[in-house]
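Single-structure report; data block below.
Going in written order, the chains are labelled A, B, C, D and E, and every chain counts its residues from 1.
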Amino acid sequence: MDLLAYALQVLTVIVAPLVVGLAMGMDRKITARMQNRRGPPVLQPFYDVGKLLSKRPMLLSELQATFAGAALLFHAAALALFVSGSDLLVTFFVSGTGSVCLVMGAFSARSPYSFIGGQRELLAILAYEPVLFLVVLSIGMRSSFLVGDIQGGLLHDLPLVLLALVPVLVVLLEKSPFDVPTAHQEIISGPYVEYSGPYLAILEVARWFQLAFVFGMVTLFFWSGDAVISIAGKLALAFAALFATIVIDNASARLTRENMVSFMLIAGIGLVAINLLVLFILKGSI
Amino acid sequence: MMTLESKMRIRSPWIMHFDTGSCNGCDMEVWALLTPRYDIERFGAMNRANPKQADILLITGPVTKRCEDRLRNLYEQTPEPKLVIACGDCASTGAPFHNCYNVNGGVDKVIPVDVYVPGCACRPEVLIDALVLGLSKWREKAAGADKEAEG
Amino acid sequence: MSAGELLAVLLFLVPMIGAVVVLVGRSVPVIKVTVAAVTVVLALSSVGLLLVLASRSFAPLAIEAQALYPLSPVLIVADLALTALFIIIGWRLRSMIIAAAAALNLALTVLLGAWTGFSESDPAMLIDNLALIMALITSLVGSVIAIYSFRYMREDPRQPRFFAVTLLFLGGMNAAVFSNDLLWLFLFWDVTTLCSFLLIAHDGTMEARDAARRALAITLGGATAFIIGAVLALEQYGTLSISDFPVAGLGGLALLPLSLLAIAAFTKSAQLPFQSWLLRAMVAPTPVSALLHSATMVNLGVYLLLRISPSIVNAAAINWLVALISGATFLASNILAMTQRNAKRVLAWSTIGNLGLVAMCVGISTSLAIAAGVILLLYHSISKALLFLSVGAAKEGLGSEDIEAMEGMRAKMPFVSAALFIGIFTIVLPPFGMFASKWIISSAALTFPLLIFLLGVGFASTLVYYFKWVGNILSAAPGSRRVTLRADPLPANYKWTLGSLMGGAIVLSALIGPVIRYLVQPFIDRHFILPVGTNDLNIFTSSGEFPVLVLLLLVGLIFAGLAIIVRPGEEEMSKPYASGEDFDFESRGNYFASEAAVMQGIKVSEGAGVLLVVLLIALPIALEVM
Amino acid sequence: MSMLTSSIKNLFSRPFTTRYPKVPADLPPGNRGRVLYDMSRCIFCRKCERSCPTVAIITDRDAKTQTVIRHRCIGCNTCVEVCPTETITMVQEYSRPDTAPTVNVFSLDLPRHEYRIEHLPRHDGRKKD
Amino acid sequence: MGRATTIPFGPQHAAFLEPLNVTLTLEEEKVVGAVLNQGYNHRGMEHALSLDYRKSQYISERVCGICSFHHSTAYCQGLESIYGIDVPERGRLIRTIMMECQRLTSHLLALGHIAESVGYENLFMQCFRERELVMTLVNRISGNRVHYSMNVAGGVKRDISPEGLKDIQATMSRLRPRLRELHRVFSRDRTLSKRTKGIGVLSNQAAREWGNVGPVSRASGIPRDIRQDGFAAYSMVKFSPIVREEGDCYARMMVRMDECLQSMDIIEQCLPLIKDGPVAIQMKGHPKGEAYSRVEAPRGELVYFIRANGKTALERIKLRTPALMNVASLLAMLPGCQLADVPTITVSVDPCICCTDR
């Protein structure tokens, strides 16, 4: 492989989660401003992670730590696969494995809120994985599963599919109305309850990797021959998606787990189905 | 020169609030801290409501006999390094409830306290002062540790 | 007789002979020796067969009826005798349906015999790669289950009966997959039906007998569809030899034999609306469940579908119905599996779902899909056997098969827990074999967009029901440290059987490249062009690529590495957070639906199944009429 | 939906948040912050000590000091009201947090309105009168 | 092996401001049983209150910081009726204004808390932003944000200056459009309605049986508001109790929201009525006799019973606080709901543990 391209890929895998961390900081800042407060510095997520890393570890069970690490590594592997242009479907499944590791970590600590959080996280997976799966398959259908081969036309052909990603992002970003698994006022922070210090930091970074992958999927929808336009467009698209979730977060209460699953499945599947149907009618083939 | 670690720590104090039998006055002021007017998220603070993820315990109330064990539990579940801030007169000395038979009279009767906040109720501004004081205590500690490490 | 032919005959004859020996010998040592000997023969012969086929670069091995001379005259007699036996059983069970179906079968068999002049079509047996894969599954997985049963059934007073039937089952299964002639196939099809009936009824309780009766009624009904299909096939295609079925230009009534054979397959594989027997069969001892779900019985149904897939694939009028029935089965069973609290029932629904996936592959009708189906079938058998046997071992330790009873099992029975983990991991998570086939199916389903919606929800539900189970196992008391596998007081028998299946599942996953290239590809290539490529490291399709080994290494490294690195000190352990209280929490599963809602769900999906099955029969007739 | 518009409106308007501690707290006149003694006026009649509902005042006639335990004073203003010589005033500025409970010791030796801050022994024994 | 599992909810919990423990028995996430554990906040206030009647108005405020003024009013009214005197009109009007201000802060807190309990962070923030306006107002008037220390037996000890009255008027005018906006959100927001409508229904019958008081009872269709009895200056203003029939969380929320607007009305009615004059009269001698005093605190009827025997120490003082009545009725509302609704339902009765446990 071209050494430069390789180096670039490695760099992307390292930088992408950092960008997501920054986006999380912006998210908190924008959220605060929408609530008419000042909000934290934009670099806050990094301070948080740094702080957590410096705390004394505390655990209920060894497996918690193992699964936290596994979640991080799987999400990182997913991102690496994504960046290296390999199969999107495989990437998606690897990333899903990372999510499952979080669930197992939550279960391996026998503690009431952690356990309920694990159950709810599973339901969240039930809610968003099918939608993500459909998005991936739609992309594969229109273009290719190989990330490296995906080119333009997606935004034009699959606008509703892109829209279906927004509720998925709402779940992944733990925002209302679908922050059911981590519901602060109900189960404190769900699967994360028993995580503290460095292990929580690991999970947080894992989440950045996961989000980097999902936002990466959002960016796939924009493509242009010109590298500069392409990158600018991709970033704009990702930011637009983030902004949409923030607005939704600030204008809604948390719904229940039943609401979450049914809404996600009906809306997500519906959007993808309508999109494919229209495409089929317009183009005669999918 | 402070280590990066302690810098981060000062910028990200996550709090947990526990009411050990207060009159609610100070609790409301703790909540006021989180809301637009005082917004301690400015300082990177976040209400985690979970001892395992907290750095700073904001304790209100004179610690009733029944809350004693719970307070101790929560304290033990908070990983080091941690700060305990006794919010309000009753958490500091139990004063308003000094005639009550069922109180311990202050958080420091049960767990070590780092910062005592006067006031009944303690105004949000005072709580912010307390936070700053607590963090500077951390900073000093960190600086001391650095010096030791150098020396 | 060539070596290949000999091995093939050994594969089905030796178990049958073993069965007789067991019945005659009756004492436990005799049983053990016999069964052990048979399993050794099975294992050696199946591997031998693999080598023989490999040496002829996987050209199918045809066995003429002549070569089976002493056997073939017995064929019709045995066929008739067996159906007659079913009539008697039906009579004694006071089940008119069974008796009537058996009687119909008898009549039709006689008719068929008369029609062909009691002579078989050639080749009577055809051993291609599909049959080879099935024989490998039956012989190897079946052997492990039989050995496992030594211990599991040790206190059972009816061991001779159990082991005899088990051996007969294995033999019948092997013979069935080798059969090319529909009459041969019908005989062994009925043998498996009989064996499953006997095994399900093994405990002799009312419940067991009810379940056995239900199983018999449904599978015999399926056999009726089978034999009618055979009659029609002879009428339409002029042959009873599956390998001679036309693969193109089918339409109208010519589709009916395929429809009927597909329905027969659905009954065997417990697809909607015929799934009820398999769930009730859970009353049987665990090895029986394992046998039914992984090594024998249900595999036979989808095997038949795969076998006739070259014809179905080109029968555009019905293949989408097959896809829909099995797709609906896949979705419904995975959703229903989420509502189950009994581990075996969860596994049963999961089996139904996975077989649905295999059948769906036939329905999707691309070579890619069919390849995926074969791979799925192979890997599913191993993982499912592992899971069932683990549940059995867990039951011995815990006294219950409920998921809830397994709370915190990782601290009490680490070995079994590990076996369950690996079983579940290999079923749902990348990069194990089942997963690889799911990956191929996802790509394949692109040609049938309706299915991707079913797949998406189905896959996610799979995660939910398996991992909430895993969750219960993991939820061990706070502060519990990692326990070594050796600490498990599990009997050696279980350790070995479970261990070999675990090893098999992982090693075969790593070898998926060669498995596809040498085992699956030759079968597909005979009928289709396979667009799956492998280069040992990766498998790839026209639109994607799956780096198997890289991922496998990754997963291995992640878990092994973390297991070694993560060694938190004693001082890091703390109490669980319970709002400040000291609280002893017991975890309970989530089942999302009340019993009534589950019943409702089953009814609805069965209704849909009936509708689709009726359509499957009606469509060819309608096409003919129009 | 109105939350949506108000969110967007808030996003582009000035935050409501104070700048405290960068800018001083906005304390209204008449805020009951803490008590201050003008010891030149005190006649040590001990009315203040007796009327304090939380026993925050210790009057020492011999040493001619008034000690106010800051972390006990609830700012009820009673002492101000009962003092016959207007020795005590309530100031706007509140007392600050400290790392230990502290007392303000007012004494005749100190200039007007000045006080010493001393640490209260931990676990101050004054639980019941 | 049963299907149900038990989890603790509180005493330290994100949804609760105060230590309350509800031990929930869950079937999956459905609550099938709830046990209330109280007493975390029991300090022994009734004992403390009875030690010196002259100091007790300050202690009574500390029974609770949210409706501190109502507590001291109830206490002072009790003493006043033992002495048999009438508070001057200006004093009564000031008490009324302060009580209504406190009702505003309390209800805005409760509303924000409900919003928070359903994870509607932004709405929570907005409630507290508007609440800060009232908090700073009462700080300007009384000198403290929480404990006003204005009440004494016989009236109030701190007068409101003419500028103060203008300040109140100005704040009310500023607050009114904002609260109308909040009212719109609370009544119309779809996700919020989804989480509150039909949740935690307390029928009229049940509300009577459990003896609910205040907004909780009014949300279940019981038109009872102690303010109509006309203590303080309530006989001088016009208002009628706000009653809803649904009895669910939504109704309880909306009753509070409407009462916020009503409180502003009452305050604005009071302002022009204030005439120059004394704000208190002096009491002579130690109290002797017994009295029963009621006020309508933000959470409902608050009752003080005082028996004095002519000494500094009261013979007996007994509180019957509103939250005590309302918290108990949780036992009627929680079983059958979802775990997700537990915080909402609990918060919707506005549990105040400090006075429940005293």
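Everything below uses one rule, namely that a residue touches a chain if its C-beta (ideal position, glycine included) is under 8 Å from a C-beta of that chain, and two chains touch if they have at least 3 such contacts.
Please read all numbers here as calculations on a predicted model, not as lab measurements.
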Expressed in steps between touching chains, what is the minimal separation of chain A and chain D? 1
Name, by label, each chain that touches both members of the pair chain C and chain E. A, B
Top chain pair, ranked by number of contacting C-beta pairs: A-C
Could you say which chain's mean Cα position falls nearest to the mean Cα position of the entire protein shown? A
Please identify the chain with the largest separation between its CA centroid and the CA centroid of chain E. C
Per Cα centroids, the chain farthest from chain A: D
CA centroids of chain B and chain C: separation to the nearest Å works out as 61
Once you find the CA centre of chain D and the CA centre of chain E, what distance in Å lies between them? 28
In whole angstrom, what separates the CA-based centres of chain A and chain C? 36
Residues touching two or more other chains, restricted to chain C: which are they? 574-575, 577-578, 580-581, 583, 585, 587, 590
Could you pull out the residues of chain B that touch at least 2 other chains? 18, 35-37, 39, 42, 49-52, 70, 74, 77, 96, 99, 120, 123
Please output the residue numbers of chain A that touch at least 2 other chains, ranges allowed. 32, 34-39, 56-58, 112-113, 184, 188, 193-194, 250-252
According to the definition already given, which pairs of chains are in contact? A-B, A-C, A-D, A-E, B-C, B-D, B-E, C-E, D-E
Where on chain C does chain E make contact in their complex? 400, 402, 404-405, 578-581, 583, 585-588, 590-592
Chain A residues touching chain B in their complex are 28, 32, 35-41, 44, 46-48, 50-58, 184, 188-189, 192-197, 200
Please output the residues of chain B touching chain D within their complex, sorted ascending. 36-39, 42, 85, 89, 92-96, 98-99, 105-106, 108-109, 114-120, 123, 125-126, 128-130, 132-133, 137
Enumerate the contact residues on chain B facing chain C in the complex. 18, 50-52, 69-71, 73-74, 76-77
Listed in rising order, the residues of chain E that touch chain A in the complex are 5, 7-8, 13-15, 29, 115-123, 125-126, 129, 189, 191-192, 194-195, 338-343
